[in-house]
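Below are structures written as structure tokens.
One chain, chain A, appears in both complexes that follow, with chain B as partner in the first and chain C in the second.
For the complex of A and B:
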């Protein structure tokens, strides 16, 4: 445990040194730039932001749209992946449509989505859901295909009904890999939500960042950027912990 | 169908294969198989690698359909897996649910049979005790040794309350000591439950030690080459049975038989 803390602390040495160096350069030579800011200014801007109600509303808007989009796209993607994995003919039938739609960058759909939904939550949730849907679909389909064939035979020998086979064999077997898909999709959802906000949607942390940049408030922009990074890191760390708790080594096949 | 039904009775073989063959594409793996399993007997199957032992077992289980010919179970034509026929696979690590405890794995068969939840716990405890795993009910398969995992698989098969127990080299991956222990346990379990046992093995001595009859397959395509009766007395014991003159004679006969097909 202490070794882990020490190891993590050691990992912070280099970034901290760089920040100190950056601050030193900024203090000695002065930064006359609209694109850069000294660390002290950024920390100040972040401090101001954290006591600002609008900042928290922006945070809520971004996290909520990312989460709703993740839930919508994730559930639809997982269910489709389950059906594709269990019924290969359906998967073959749908291969062309999937391969046509999948490479479309989600962000390229923003103009259409604006026409359909206007600005606001629905727009962002829809784009995030689209972006998350395909990777989840593909990972879950592969996971269902990868279920140990021996277990499928055990299900046949015990004459489990299709529903019982899915509930008792397929879903538990797929769950650990589904969780990996969830982690991947959660990161993607945050990226896409913020991109939609930067590109078009006038809400959330992305809009706050682009507004700060356009008003030449570099410290505020960097403060928001750091906040976004912290959110992304915290979400991933939470999911990694949940993964370790939900799927202990003892329940992994040897 | 009615004629078959009419033939049902204590004398009817519990399972029978009549003129069955199995082909994978153009490759004929089993050919002209005729075999009967009598109620309560212990039949072992030996044969060179690739002679179709596993395929024969899967044919009996209903997992593998016959290309030609028929498989009968309890006097009726079998068209797929039946709850009365259980398989112990060699690769226990793949055949158990890694996310369920020992008790949970046994429970799967009871759930499949629709046993109400309230009645499961007692059955599970009794079955785990039968295979000597009473103290390990809460362990996950990954926390158990190979021998224990194989016992667990046997317990799950017994939970099906089968009349036929098929085993495909169940002890092949275990060390010699564990294997001998499990041989004696399977003999005890089979005798106690009255189940008919069909046991595939590479080990000729194991086949003689366990079996009432030993079926020797010849390869390319797989056929029944010879059937040896094993008139050794029961209960069998590792030391005296293996020194019995009849045991030694059978071992020589089987060895000579298999030897013909080794390159």
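For the complex of A and C:
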């Protein structure tokens, strides 16, 4: 236990030393820049932000958009992946459209999406959903294909109906890998939501960050950046814990 | 019959400003020259003239036109060249006022690194010059200034940079010079990172519009009262700014979120006259045609909605 804590603390030495060095340089030489800030200023700006209602509204907007986009794109992607995995002819038929659309960077859809949805949640949710859809589809399709053939034989032996085969054999077998897809997609959803806000959508943490940069408030920009990193870390940590609790047998991801 | 319909239309148009205020979302970027709009909102001038205005901040000017075309906002504040290009590409946009008028003594100009060897337009040839947006207002005006002052803009290596990094790109010698404006320009010069070479907005004739309040023609046709109300509110704001510079600066700090010390050092833009006529855009039209930004001149008399009674 103690050894573990010490081991973990050792990992913090280098980052902390860099922060102290950064602060020392900033204090001694002064920062001659409108785009850099000293750690003490950044911590102060983050402290101010955390007691500001607008900051929490921005956080809610970003997280909600990412979550709704993840839900929409994830569910559609998983259902499509399930169909593609179970019915290979459909997968072959759809391969060209999927492979043509998949490489389109989601963020490139912003100008068209603004004209369709205007600013707001719909714009961001749609783009996040597009970004999340394809990776989930591919991971789920591969997971369904990878179901242990003997399980399928058992299903046939028991003369399970197609519905029962999906519910009793395929879905339980696929779930651990579906959860990995969810973790991957959750990270992607947050990245895309923030990017949409930086590029166009006037709400959320991305918009807050770019406005701070444009208005010469570098400490506030870095404070928002650090907050986004904390959010991303917390979401991933939560999902890893959920995974360990839900699928204790599966290999624990690190 | 036609006369009676016409009479009805005139009567409807002449109704006093309706008791019910029109909701208008104004999409703006965090830019100090829009001070008249900020003051009109801050001091309640829009509300006094029957307009319930909401100011919506956009990250950059590139979303302004799509914002009003999609109906997310009713009024946008793009630059004239952007409006001309949008019209040339088939969008039916109209403008009903400017945010500030040239000559504008807000600092804007070319700032170079101290050791770049650039002292005037003629000595710029062959250097790398940063602009906030290629084809944007500062870019096209800077090129014209170079060509009119003995340089050759076609020899320049023009690249894009972000305005807030004015001082940093010069300090890091990433570029030889940048076309920039305040408050970034003053900060770069005051800190010694850059040297001021010239104000390229000198080439813009007096009476030329700067930022413009832009709407779709469809919205304008359906909301003539709201447009007249906003025009009257801007007149009120212009008069207020002339006598209340401190309140004007407070409005800038509020809507742009620039730090108050930065705003305190800024020159206020020229808001003495915000009325637009087709002549206010003649310079931009010629420039846009010369530089190939638009294929053919646009119909300025259709584009401009004059102030009531003009």
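Following the convention adopted for this analysis, the second predicted complex is superposed on the first by the 245 of 254 C-alpha atoms of A that agree within 3 Å, B and C clash if a C-alpha of one lies under 4 Å from a C-alpha of the other, contacts with A are read in each partner's own complex, and residues count from 1 in each chain.
To be clear about the criterion, a contact is a pair of C-beta atoms (placed from the backbone, for glycine too) under 8 Å apart; a residue touches a chain by one contact, two chains touch by 3 or more.
Predicted model, so just to flag it, every value in this text is computed and none were measured.
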Problem set entry | Which of chain B and chain C A:172 touches, first, second, both or neither | first
Problem set entry | First (chain B), second (chain C), both or neither touched by A:54 | neither
Problem set entry | First (chain B), second (chain C), both or neither touched by A:211 | second
For this session: Check whether A:202 is in contact with chain B, with chain C, with both or with neither, and answer first, second, both or neither.
Result: second
Exercise. Looking at the overlay, what does A:159 touch: chain B (first), chain C (second), both, or neither?
Worked result: first
Exercise. Where on chain A does chain C make contact in their complex?
Worked result: 32-35, 111, 114-120, 197-200, 202, 207, 210-217
Seminar exercise, completed: Touching chain A in the complex, chain B uses residues 61-63, 80-83, 85-87, 89, 91, 93-95, 97-100, 108-109, 111-113, 140-143, 160
Exercise. Considering the complex alone, what residue numbers of chain A touch chain B?
Worked result: 148, 150-151, 153-154, 156-160, 164, 168-169, 172-173, 175, 249-254
Exercise. So in the complex, which bits of chain C are touching chain A?
Worked result: 30, 56-59, 62-63, 66-67, 69-73, 162-168, 171, 183-184, 187, 191, 193, 256-259, 262
